[in-house]
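The two complexes that follow have chain A in common; it is paired with chain B in the first and with chain C in the second.
Take a look at the complex of A and B:
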């Protein structure tokens, strides 16, 4: 450096990219569409964004549970009610309005579930992608507008979410791989919401499967899983599929003629599941 | 039966001394709605930061084996009160209302009471 400066001045700040580590740029195409106030559907590798007047009105990704799943598992709507609303109002693209007007879903609940689902799906849609995006002008989603979100807000939140995940646990392996519990006997107590996630970890399910099973946003499941991974409770399953040896569960169908005594005395093929037994005991005592 | 915006507006207009309010998802730390705040007080930053408060408290209770539920959390600053109220409705699992109060004007007992009512009206 040939820069001359008095000893009291601080060195100039180095330029810093305000992006989390490894975070590539979000979609420049989306920014252009927002600027021209476009209406239509943006198809990316990991899902779609619906735009209306340059604002995002809906988002879908195969990796996240849709609004229907969130509403039917948490919002007190049954699958029948959802199907009927889609049948009645889908043609007119006013399913959201119909759900509220018919009293099936409170306006607040619909709005919160929809906004939650939108940001959740957009996180994946705007994730790294290897295929070019396409935009179809004019298409609208059958749900109808609930609460449009500006593109800038969506991008800001997506970047913040990436940083949040990275801060909790920098290894993204648990985001997409099948998961196993590391060592049940050594597990510290975990909060109820993480406990529910942990209960779904079975060596086969991935984060997306767990989200769908619990009816929770997929990003929330990623957060819980990264925390569980950081605590050493959850790890990715070894790559080789071991379908014939479900190693954590006792065999459902024992051999045809088990000798009851030797079966009791012999060491169990699978380690006794202490944590499970404890939980069972606690549950029985609570009766 | 209110939507997010009207619920937050009501919080700001009906609660004496309220200067800002937010409805926050405490897993992601995202504010699903904010009202009030200022240049010097960014509610979305406050929302994200306070999710850590809620999470830490929930985790501590888990470690202590406490079975009760958090109704609200009060943080007292020299000139402000911050009130966090966890939503318990069927769809509200994982959300909290965050209310900023000017401590000189606010009536804490009244604010808690009104926040409870707003939570009920939000019906999530």
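Take a look at the complex of A and C:
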């Protein structure tokens, strides 16, 4: 019997131990603010959430492209049009309304793009943080409300997105590190949207850089990168080479990537079995 | 110019419409929902429909002849139709000028609905939603 493997078949998903990703509330402070129907801005380590009457109306994170980048990258709105809207309506905090009323952006398009960007930034803002959050009462964003989102819905979605990433590939390394193609020769064809992400992988850019370059929500890039990592196509760039000290004693703790294994795997990187072993090793380490 | 809610309300005016949603197929996020959901939960339905839409949009087998990928902002697939004993699902991909992965999902009663009409109307709604 001959086994025919379609070139598009991705390797089967490795079994993954299910860990609870829900747990306690993402931000007890945010839930309190929702309960008291607060208006203002919540400043967290990885970005900000704007609240109006206890609902989230806007979110920003340095890790995600802003609405301006998302709207102008595809050419639907030019940078001049955006600047004019901010200049004309920024003070009144009605930039969103102005974009629609002046015919620059359709109402539905603004809602789709802005709501997508809100959930996108909130995913990072509500991510693990080691610094205390602050809330400034009264502040409103200059864009104005587009489509307010209840805090509970935002938290549910953020938890669901974490689980989604974990299910695709449990190692979060590709979320934030500079990326490289794992092995060009073994690459199967990838879907067009993943191809666009792959085209930006250059050993320097991170997921956030790629999202900005493509004008695409950052979570979408994370999903595609995890899929590419699961398929063994993309991996993180190795850290800058360490200097070699032959006289020095070997380190007391074994390194997380034991060198004998790397040496064993190094000679023929094109061998698909080696790629499989690498993915197995990565998956085991990520558990 | 219609927003998400106006678009969904319009979808519910179609004969036999049971529920409708606007969904992002990369994340599975329901951007807007109206009416009933199969199984009673719009968020779960959105995540499951998104999986189906993603497979259709990503696999070369379903792309038009000669155009394997995304031609500009045009999704390679226009719509998806799933039928079962008592209902239809119509998933219509939305073309946007910005980078997105959005579709309209209409859930239709088989006894009262008109699949051909729903399919045409949903396509028109998808156009108006983003072009005004």
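Definition applied: the second predicted complex is superposed on the first by the 214 of 287 C-alpha atoms of A that agree within 3 Å, B and C clash if a C-alpha of one lies under 4 Å from a C-alpha of the other, contacts with A are read in each partner's own complex, and residues count from 1 in each chain.
Assume a residue touches a chain if its C-beta (ideal position, glycine included) is under 8 Å from a C-beta of that chain, and two chains touch if they have at least 3 such contacts.
None of the values given here were measured: they were computed from a predicted structure.
> Should the superposition on chain A be reported as showing a clash between chain B and chain C, or a fit?
clash
> After the superposition on A, what does A:214 contact: first (chain B), second (chain C), both or neither?
Second partner only.
> In the superposed arrangement, does A:116 touch chain B (first), chain C (second), both or neither?
The answer is both, since A:116 touches chain B and chain C.
> Should A:81 be classified as contacting the first partner (chain B), the second (chain C), both, or neither?
After superposition on chain A, A:81 lies in contact with neither partner.
> Compare chain B and chain C by how many residues of chain A each one touches, and report the one with more.
Of chain B and chain C, more residues of chain A lie in contact with C.
> Which partner chains sit in contact with A:148 here, chain B, chain C, both or neither? Use first/second/both/neither.
Neither partner.
> Contacts for A:161 in the overlay, against chain B (first) and chain C (second): which applies, first, second, both or neither?
Once the two structures are laid over each other on A, A:161 reaches both partners.
> Chain A residues touched by both chain B and chain C?
In the superposed arrangement, which is not itself an observed complex, chain A uses residues 71, 74-76, 106-109, 111-113, 115-116, 119, 147, 157, 160-161, 164, 189, 191-193, 217, 219-220, 223-224 for both chain B and chain C.
> Would you mind writing out the residues of chain A in touch with chain C in their complex?
8, 70-71, 73-77, 100, 103, 106-109, 111-113, 115-116, 119, 147, 156-157, 160-161, 164, 189, 191-195, 214-217, 219-220, 223-224
> Which residues, counting only chain B, touch chain A once they are in their complex?
Within the complex, chain B touches chain A at residues 1-4, 7, 23, 25, 27-30, 32, 48, 55, 58-59, 62-63, 65, 89-95, 122-124.
> Note which residues of chain C are touching chain A in the complex, please.
1-4, 7, 22, 24, 26-29, 31-32, 43, 47, 57-60, 68-70, 73, 76, 94, 96-102, 128-132
> Which positions of chain A touch chain B when the two form their complex?
Answer in residue numbers: 71, 74-76, 106-109, 111-113, 115-116, 119, 147, 157, 160-161, 164, 188-193, 217, 219-220, 223-224.
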